[in-house]
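For clarity, chains are labelled A, B and C in written order, and residue numbers in each chain start from 1.
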Amino acid sequence: MAKKASSSSRATDGPRLVWTRKDLLGLDDLGPEEIVHILDTAESFKEVSTRSIKKVPLLRGKVVALLFFEASTRTRMSFELAASRLSADTVQFTSSGSSVAKGETTLDTVRNIEAMGVDIFVIRHHQSGACHMLSRNVKASIVNAGDGQHEHPTQALLDIFTIRQRLKRVEGLKVAIVGDIAHSRVARSNILGLKKLGAEVVVVGPPTLVPATIEKMGCTISHNLDDVLGHVDVINMLRIQFERLGGNLFPSIREYSRLYGMNAQRLEQCKPNVLIMHPGPINRGVEITSEVADGPNSCILQQVTNGLAIRMAVLYLVSQV
Amino acid sequence: MAKKASSSSRATDGPRLVWTRKDLLGLDDLGPEEIVHILDTAESFKEVSTRSIKKVPLLRGKVVALLFFEASTRTRMSFELAASRLSADTVQFTSSGSSVAKGETTLDTVRNIEAMGVDIFVIRHHQSGACHMLSRNVKASIVNAGDGQHEHPTQALLDIFTIRQRLKRVEGLKVAIVGDIAHSRVARSNILGLKKLGAEVVVVGPPTLVPATIEKMGCTISHNLDDVLGHVDVINMLRIQFERLGGNLFPSIREYSRLYGMNAQRLEQCKPNVLIMHPGPINRGVEITSEVADGPNSCILQQVTNGLAIRMAVLYLVSQV
Amino acid sequence: MAKKASSSSRATDGPRLVWTRKDLLGLDDLGPEEIVHILDTAESFKEVSTRSIKKVPLLRGKVVALLFFEASTRTRMSFELAASRLSADTVQFTSSGSSVAKGETTLDTVRNIEAMGVDIFVIRHHQSGACHMLSRNVKASIVNAGDGQHEHPTQALLDIFTIRQRLKRVEGLKVAIVGDIAHSRVARSNILGLKKLGAEVVVVGPPTLVPATIEKMGCTISHNLDDVLGHVDVINMLRIQFERLGGNLFPSIREYSRLYGMNAQRLEQCKPNVLIMHPGPINRGVEITSEVADGPNSCILQQVTNGLAIRMAVLYLVSQV
């Protein structure tokens, strides 16, 4: 399989790739043609969400189980709505007050729910690699909705989809990812996907949040956001996850915001069409000001909308295997 | 628009009012004809719930998001069942373990969920005015399921619907609302709606729970329930919300019950057909005795049943705009 | 009604029993023909779960409310999936953050939800007898999903269904139930159902967890698992519910496991086709080793799969009355 596929392949009339994976575990596993195939499939699902009756019967009678071992609002809702837009039945599980508290292993929990006739599991788990482990041990499809500090493939896919939609290509673009790179599965999946589609990636943040080892993924490192601004086509501002950062990894919120926050002054130093992204939920005034978040260069809500099309595409593709 | 519309207008064959509001925020905003129009629409939906297959496809492919920033059992379930009886898809959000904990503003949360293709938001929020604020900032419909101490319009609509059903009219009736008027959005919405339809309202309770300013809403105040009993057609007993009342707003539960509780002795002093209402959940033996709550003058469970028809009507009407 | 019905009656072409019960409260109430009728009905529903579109419209437009006053993962999910496989609408209620916290009685909660048009309640409750009490006071169907230390009838039905499926009969079999018999509603319902279908039951466990009064149910007692192994056709290993056992009812987990845990050595002393069952979730290495739980004599996941067919059958049968 070629290392890089043209992201414009969606325009061709030739035979499409045949999807062969029962799971979506991470972008690390996928070839560039497979990534492009998901994006192209999502393109055709975008239209469904604009209909007056926003439903297609493609997954009717199938069961999608949403297993969130970590709390989530938007990702869970996005998958839930994607499943019901495909007419699947959904069943939910969150870890509080459940058999997890009763000492059952994750694998036993999933195998048991599988035995009830579940076709696809959408799983968020605090352990990196949980989805790969499950994938090897159950017949149902596993879709990774975020595993530890490892991958969050549908977030990266919707980010790349949005870039392609707004800038008409991915190959050759320069993308900055700013913030807590060390702990971010969103950053990891984005770097993997963007590199496979031929983009350049620079990661930006304080040394405590940007490990030197990240260079092995093929991206460059900067500790100075202002140095980077004028050279990039896309700036993806990660969320500062105050609730996860235990120690004093940076001096203060104010200091972080001054050094790495996106604001109107910094936007002026960017290319005029620079695309400002954020996976949400945003901390207004911390990593991004309201002026920028709500301005014309921002595509934050478009990312959310595209997330639904991406998740419909992923659920559909894995269900066909 | 006339200040008071006949509640019997539902019997006419003439053209109905054309509903023009994308939201239902409170009864304060509505003209009497609009209130009557909701009641009449609910009348036609009541029949659906008596069918063997309790479903109509009016909202098929539409998405109703139930956002409860405050806990609720019956209101959430009632809206959820109303939505599914109209064949809508529902998606739920409660504030615990969600992006609220991550510091996101309510508006950002709602805008994000809207970007997933939600058509109608049913929102309960601890802040008075939250629904009005959201209404101005999102395109989707907002239905207020209770905001702070402000309004709970569907509760008042189902109360008025039940009064009209049992007593065949609203205009000219005398309605007592008894209890914690100061903190009750149910009382506020009821006063607003009843006054607009031409009823008289007397609010009854201890001075600590009945602010003098309430008279500005056009109702009279009494601190003595026994003075009122013989003169009213309807007595709506509010729930004493022990879990909300911080200080010592009344001497004791026993004292409250003795002065303001509805019981068999008091019922004897009422008109024979007096209608006893309660928004639930009831504290048996506190604001109402079991004898009265389960007796022939009570319409408490009928209120719950009518709530479904009212909520179907509201979801249907706002979805057509 | 005969005390024992042949479990092979499903093979006959004659007229089936006419189901007349609006509720499923426990196996204590049922005659053997009724138990067999549920098993036979489940047999015909098993096929639905193997279809590509796993849905039948038998309960379309009906509403099933899942009321779990105690936490549960698998039982709630199993009922939820059973209901949606029958095309019913479901609505859920869990006790946390609900009107239970507001002091409402269970009966008022259920009556209120019934007034919203619910047809069937699936109820798990911490109080023994809660379902019987509700059954007498509401018109909707009540299905017991576990009440206190009383009964868990659908668990016993799926266990007996699985025994019949694997060993082709129930009558005349010898079944051991091992573990905390004293606190187990699963044990109680199993004993009741197995005895009615003509099986022999021996309960096994330490004296602290096996009350002498259990003999009144018609089973024998053993405190030595090894004495029993060679004589039984089925061994049902109960879960040790560490989270419920308050005091020091047995010396230690290690000691319990040594005396009453199922392992490869013990399996060798059993009949070759002995069936090893467990209601889940399992504590691997405590009451059962992984070697046995995942081995050929185990039917643990099959039990889960059969649970769906049993619950579809129960929901269907009670809805027809």
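The rule we apply is simple: a residue touches a chain if its C-beta (ideal position, glycine included) is under 8 Å from a C-beta of that chain, and two chains touch if they have at least 3 such contacts.
Quick caveat, the model's predicted, so the values are computed rather than measured.
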Worksheet item: If you list every residue number at the chain A and chain B contact, are more than half found on both copies (same) or fewer than half (different)?
Response: different
Practice prompt. Fit chain A to chain C on CA atoms, both being copies of the same sequence, and give the resulting rotation angle in degrees, nearest 5.
Written response: 120
Worksheet item: Where the centres are mean C-alpha positions, what is the separation of chain A from chain B, in Å?
Response: 41
Fill in: For chain B, residues that touch 2 or more chains besides their own
none
Worksheet item: Across the complex, what residues on chain C touch chain B?
Response: 60-63, 65, 89, 91, 93, 97-99, 101-105, 108-109, 111-113, 115-118
Discussion item. Going by the contact rule set out above, which residues of chain C touch chain A in the complex?
Written reply: 49, 51-55, 71, 73-74, 77-78, 80-81, 84-85, 94, 96, 239, 241-243, 280-284, 301-302, 304-305, 307-308
